[in-house]
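Below, chain A partners chain B and then partners chain C, in two separate complexes.
So, the complex of A and B:
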């Protein structure tokens, strides 16, 4: 029963984001509650509608978000971006402030939006849908050795799945997910590892069980993909869905497949964010203060 | 394990959902502002007339659209809650079905055991009957033997009496002859 409650908590995970747009008349703010298991590009239509009243350019040019002058990759889940960018510097207020921009789109850093709607505005949803479908194909390939299930998915189910992702509709999402993942016996587990402060993304095929048949632990995975940080002691902490997973790194009851089932994102990837040792103590004390203060 | 993870998730949510009520209130206000903005952009009191003479229902439709979006969001939240509740119920049903299957297996095992024990009991009853019959037979034989022993004892006593009488007669006769000779 606890595993369903974990799933519910993961599905309902939200982060509060303050979005600032610097218009000609001064900065304008927008407060958004964004699901961890969602994408910023889903919110762009609402942001454009809101900020478009202050600057017409917002409605006609592709927008993007920045954090500390770093363009935010809209193709990554919000929770992953939060853990990767905000967690290392999170203050007790827990407010994540981003800047919306619409000038000189940083094509070298983030995927451009290439589609427009019939009325000439940027079609954020179509680009995101295309990206998420590609990610699903990738994860399906890792899980099953091929992407046939995704490719064979009917248009109605495909659209339903997409609308479920946008609307955060668990029932619809699960309904199609059951078609895409008919069984839970997988060849490999799709995992992506991000190290805070580094632009490198580690994506390795992770086998859920070892040659002896034992479940592969998170610690074993991290020692393999990041030996300099995890093989010879604890110099870093892995975070999944905003949780410090240090306590479960070598837990024999907590295999990588269990973690994937509990914490996978909508694209079926398990995202692990690694925070290196410096600054961990500060995060601990800040978080404790915030929890006890609330 | 899941209990600890759930606890950590709750702590995460306390931190990350802090001040959420203000964010929710802002979202509502932004929607209302948007609706008001649309109404104010209308050149005449709604519904306005377009150049073609038709009513310009765009602001009304946009307002309705916003309201419907808000309703859909609420409905989806409700569906998500129901989905989780359904999953919990499914899990409970699956656990109950497993327990039922396990109990049925146990019942089958116990029934088999009862059958075996009943068969053993019948066998033992039969053995007891045989033993009882044998005991009865032995008792009869014993009684017969007792009677025979009694009979033999009587015969023996009678023979001893007769023998003693004969010995006495012989002794008396011998005494008489000795007395005559002396």
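So, the complex of A and C:
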């Protein structure tokens, strides 16, 4: 599970997106391949520059993305958003179409951008950096019982880490990650669970081993946090990093800590997206159609 | 005393909520503009984690409505209070989420993702809560006393000092 190939595959995972902006002169689109292990807010500066040529408001107002009228939370990793929002309605298209907006910012749904640059434009990077640091403090607290390693991170390392996230540089990222996580003995594993169709998030700090010393499985975690879906049979399917993990649910050779090491995101959380039965039937039906049609 | 567990929190939440609503009062001073407050709604819900949501209105020249939740942060192992504020001027209602950050009594209160709803609510960052509340706790302190102490330090009165609890 911890091979370099797996790590690189997860690090290099991409989502194809088409971003549409409805300007006064008609719709304009922007095609991109965005890393699953990144954030849409990293792309905002480029989007603003591109769409700003068609509508000046894009450059002066905070922008956000929507999928089927649902505002997209820029503080969540791209891959998690894709699994949570796109998997239940997955079409045969390999491109995820999103809409860019800049009119009435949906403050009740997504965190507003509060900083501006010296030139008066929205400073997306600063808000994102602050949010990611807070998430790292949170995950560090779960892993180590405190957030001292993040608080004590020097300015140079902190900046290097941030630049590694923005530039998507695995080597630089790993160098600072080794400072932040000097030990591989952790108290609890930071996990977040999203159920497609539900608006709530489940925080799940998990002890990696049971009282008997056995590794805690993905199935045990899901039975604990979502007993109605997982305790008595399979009514749902867990996805991690876009992969259907059903076969790993009760795998005795792969505990939650192994999954965390292989599939954690940049904020050191393992995100599990759960697709419930009704959505599964739809996906299975589409997959069958896709196979028979190919 | 150490951290309280989510099970302890959930076991005592309704009792804590009931004591809180009974003891919440508006401190009258010459500088604050509100003369009274009303509880608009108050309920406990499980989603699947248990929390309570209370909405109240401060009545004065400019009415202010405060909606707050008390839930348990599984990651930091402490209760958390999140809130939203709306200001009323006549028929006009204005959400104060455009403030984004408030410095209240030394706490930096920021808009952050709610631990259950995952939408922006104001919150006091809980990273020091465990240690600070523990300093006020004795070895025999019960869960209810813990929650009351926590609420005074990190709950509504820490951000809105005109709202205080006077437990009997």
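Criterion: the second predicted complex is superposed on the first by the 279 of 294 C-alpha atoms of A that agree within 3 Å, B and C clash if a C-alpha of one lies under 4 Å from a C-alpha of the other, contacts with A are read in each partner's own complex, and residues count from 1 in each chain.
What we mean here is this: contacts are C-beta pairs under 8 Å (C-beta built on N, C-alpha and C of every residue); 3 or more make two chains touch, one makes a residue touch a chain.
Quick caveat, the model's predicted, so the values are computed rather than measured.
After superposition onto chain A, the modelled positions of chain B and chain C are compatible, with room for both.
When both complexes are overlaid on chain A, the residue A:185 reaches neither chain B nor chain C. After overlaying the two complexes on the shared chain, residue contacts for A:148 are found with neither chain B nor chain C. In the overlay built on the shared chain, the residue A:247 is in contact with chain B alone; chain C does not reach it.
For chain A, the partner touching the most residues, choosing from chain B and chain C, is B.
Of the two partner chains placed by the overlay, neither chain B nor chain C lies in contact with A:56.
In the superposition on chain A, A:171 makes contact with chain B only, not with chain C. Touch criterion met: A:134 reaches chain C, while chain B stays clear of it. Angle at chain A (Cα centre) between the Cα centres of chain B and chain C in the superposed arrangement: 120°, in steps of 10. With chain A used as the common frame, chain B approaches chain C to a shortest CA-CA distance of 27 Å. Residues of chain A that touch chain B in their complex: 1-16, 30-33, 49-50, 53, 82, 93-95, 167-171, 174, 241-244, 247-248, 251, 253-254, 262, 287, 290-291, 294. Note for the complex: chain C touches chain A at residues 47-49, 73-77, 95, 97-98, 100-101, 111-113, 115-120, 125, 127. Those residues of chain B lying in contact with chain A across their complex are 1-6, 8-20, 22-24, 26-27, 30, 34, 37, 72-73, 76, 79-80, 82-84, 87-88, 91-92.
Taken together, the chain A residues at the contact with chain C in this complex read 73, 75, 107-112, 114, 134, 137-139, 141-142, 147, 190, 199-205, 225-226.
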